[in-house]
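You will see two complexes here that share chain A, one where it goes with chain B and one where it goes with chain C.
Entry: the complex of A and B
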């Protein structure tokens, strides 16, 4: 693979650039609006949270004296650390589930039909539920999983159960289902892009060289799809860690306690913006660390950045 | 500007500086760093803007207000007191009158967001029930009136008799293992902890000591396996009562509206331990009412919110009680059953045993206790 890279033109890996970008280089001046966009639109909220995290609040007013006491409080608070740990485990479970489902979904669609039209219809139809807002989608699960919901009614009517299954709703299960449902596309589309870029001759060659179906799948298909799995993993993990709506609507008494809710309650219920901000910054640091570990694994094992 | 660059009128560095300044100003304005007076620019001095819950300011309600007072009152809806506080504190200067509940008034007052009331300009103030006057730390601060209570009520227990199989009479029923998986409790640090404080016998549930807070927290942790969910808004508890997810729920009296849809629902107005009493009031925001004409319009609206017209609307539509006796008189004149149902002829029956919700003294400690309940 490194030989192939060495033979590629220095312009970035493609023999010919797309028409839009072909021709002479654009004036460097034009980068400034985009840098300004980053600085003035994307960064202020993070910078503001960072500043707040070093101040103190007494509910009504903010004391702007620099202090790290909010970080000390957060890191010595067993409740926050428990919830943080729980949130990370939950996000990892959601990420693993969404990636697995998305991967096999893509493979199944490509292995079961050769019609591009049908494939496009299937993949585009996945976007339909997203025409509704996140809150409505979460409420939809209440109607599906509740005691009087569709699943319990069918099971009761068919005599499979005699009492409604309580844990379907207001549990970690319902939150997990809803978060995976909401992040499935984020996992699927990057995997789809990687999967469609695989040269089928490599899989044929693997089989010709004696690998069975499973061997080809594990040693050729999965590694070549890894860039999509990597990107999908990052997207799903970040969204799962930050989920608030699903735990609030579907979490019941147990699964409500995720880091996002804790931070939101600190800021909006107790008006402790500095305390909530410190917890938010610690969460960001943890997310970045998790992504760094994931990147390290993806690079060392599958060379997703240097292929 | 690009023409000027091409013609050499400004160089790239100057262009970049101007671009940054323009974007900086736009960003600062969007993030609230620069004062935003656009909202006020179009308001007439006889218009009054309210920051208020929807039930108190639906379009037809405000149309009646305009008909009676000649003042065009416009509402910005809020869903919670914390939202009100955040908006006003962030400099929401287009607001003349804002709602505050009894359990929240100290915060906007301490934040310098309230203007002192001149009750002589509110004719219906004479009809305000005595229980709602002169509450230091509630309606008054430093002996001066700042908030005008307009509606009161109690939060208590609603239940489905067909599911509980017996009549309920006390808050302790929320801890009955017989209702495991069928109990609804409010989300958030304020209400659930106070309910638990009442249950565990705290002297002042609004200002619990460390020991009392610890007992309340332990009671909520003990209750947690029995709880189906912690509801966050009215729609949620009503839907869960209607669907049978909740057999019993600590909530608002609006749960009774389910009866209109044929659902068996009962309300415990006065549980043995006492319900949680509250009132909702209005205050003039500090940054407004600078002109006499504007102030006159504001006081007319304040007075209307104590009128029999408004009191009748909220009683008939939502089962809320007006704090002014003229509503009772108007409903009695109509022989309305609401007079008895809402105990308007004897408000002490409701107010006497209730624990009134006032601003909690230690919100951070309450929040910490609530977080511990959720994490348990």
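Entry: the complex of A and C
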């Protein structure tokens, strides 16, 4: 790469970008607009959350003196802490489910057909709902899980149950199903990339050396797919821990209260920007901590970063 | 990979495909049901709910806003994504590692937090929710996807093509127009459609940033909080069908790139 750019001015006679920092060039002009967007919108936005969390709202205006009272309020509120805890458990459950399903799905597709074309069609067809948007998907699950929904009606008609199962919709169950459904492809594609990169001879070698199917699976296939599982885990966790649409539409009185809905209510209904920001920062801290632990596990046990 | 065909695996794959499409097909099927509630109670075939859509001016107004937003987002995100992908693959420059990481931040940041971040920053600037904050949010959200999409193509481009063009005397503009562009035009098309769909269906950022001009997902969300009128099912079905067509377009694009 560096060789190419070093050769370019000589071969093309192009104007050389100013040299800076140990002979490296400035970023090419064509990415400056995007860098500007990152530097002047994305970074200040992240910093704004932090700033606001140390200010105070007195209903009409923002008091700009530094205070940690928002954090004290949030951390001494048992309702908020319970909800934060439940949200974390819920997000972990969603991540575990999505990763497990995605992993076995990728393996199953490879065992179902040997045609690359058919495999690609299957994988892409599972990615299509991602493009439909959360609302359409949530609407679909209302229709599947409701009292008059497809699952209850089929079970009633076949006589398996005599009255509709109530906990299918407006419960943690329905939110869990919908969030896993939304995040499945974020787990599937990284796992697919890792899985296709596995040298199949390693699995053959493991079998030749006497490992049974399960041993090969646990000691060869899973560790070699770990980079994909790691990336997929991060992406799914980040989305599911901050989901607000699915809990709102599919959650009952209980599952509606997740950390994300508390933050958005503080921002959009109470207009308590500092309070909402402090809660958002606490959520970010937990997300970063969870990702750090997950990275530590993936590195210690599977050496994901030092391959 | 050499593996035996396995009936259990095939069954699981079939199950996953069915679960993926069942909710979507159910919405489409019930939009033709002659019954005004969103339950599986088949009373007969009707297309009357589709005529109800014409009366929902809130939906039709919101389409215009969402399409405009989607087109602007897609144009910007595709340009940014393609430029970033090209620069990351072909150029070496200062702070490259940090710039690459920053470009991935929106992917690692929940939309909820991106939304409130932009909202708070704009309020500091004295800008209320509206078109520009929402556009900025959507471009930040979709660019990592177009960047990844373009990376897969540009990584596969032979750098000697460009070197040859330059050696034969083409300037930067000519090299881009005659050598690079023909090779990436389908990927540009694919990322444009991807970014458009992501923006068109995006709700979380819009909740915080849209302001008075409500996008389509916001209007649908407001409707769904009250109840699900059959016209909404009909409308959603139209959205599903058009999204499917575009998705098939993207897939065909990918197939064309692979050759």
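Observations, loosely collected:
The rule we apply is simple: the second predicted complex is superposed on the first by the 270 of 307 C-alpha atoms of A that agree within 3 Å, B and C clash if a C-alpha of one lies under 4 Å from a C-alpha of the other, contacts with A are read in each partner's own complex, and residues count from 1 in each chain.
Following the convention adopted for this analysis, a contact is a pair of C-beta atoms (placed from the backbone, for glycine too) under 8 Å apart; a residue touches a chain by one contact, two chains touch by 3 or more.
Since this is a predicted model, take the numbers as computed values, not measurements.
In the superposed pair of complexes, A:166 makes contact with chain B only, with no contact to chain C.
In the superposition on chain A, A:79 contacts chain B only, with no contact to chain C.
In the superposition on chain A, A:272 makes contact with chain B only, not with chain C. Legend: residue contacts after superposition of the two complexes on their common chain; A:135 is shown touching chain C, with no touch to chain B.
Contacts of A:241 after superposition on the shared chain: chain C is touched, whereas chain B is not.
By the document's definition of touching, of the two partners only chain B reaches A:251; chain C does not. Of the two partner chains, neither chain B nor chain C is touched by A:215.
More residues of chain A are in touch with C than with the other of chain B and chain C. Shared contact residues on chain A (touching chain B in one structure, chain C in the other): 33, 37, 41, 44, 48, 142, 146-148, 248-249, 268. Contact residues on chain B toward chain A in their complex (touch as defined above): 12, 15-16, 19-20, 23-24, 26-27, 31, 82-83, 85-86, 107, 110-111, 181, 185, 187-190, 224-225, 227-230, 232, 236, 239, 243-245, 363-364, 366-368, 370-372, 374-375. The touching residues of chain A, counted against chain C in their complex, run 1-2, 4-5, 7-8, 11-12, 14, 17, 20-21, 24-28, 30-31, 33-35, 37-38, 41-49, 51-52, 101, 104-105, 107-114, 122, 124-126, 128-129, 131-144, 146-150, 153, 181, 198, 200, 203, 234-235, 238-239, 241-242, 244-245, 248-249, 260, 263-264, 267-268, 273, 276-277, 280, 283-284, 287.
Within the complex, the chain C residues that touch chain A are 1-6, 8-10, 12-13, 16-17, 19-24, 26-27, 30, 37-41, 79-80, 83-84, 86-87, 89-96, 99, 102-103, 105-114, 116-121, 123-124, 136, 139-140, 143, 159, 163, 166-167, 171-172, 175, 194, 197-198, 200-204, 207-208, 217, 220-221, 224-225, 228, 232-233, 236, 239-240, 243-244, 246-247, 251, 254.
Put simply, chain A touches chain B in their complex at residues 29, 32-33, 36-37, 40-41, 44, 48, 59-61, 77, 79-80, 82-83, 86, 142, 146-148, 166, 169-170, 248-249, 251-254, 256-257, 261-262, 265-266, 268-272, 275.
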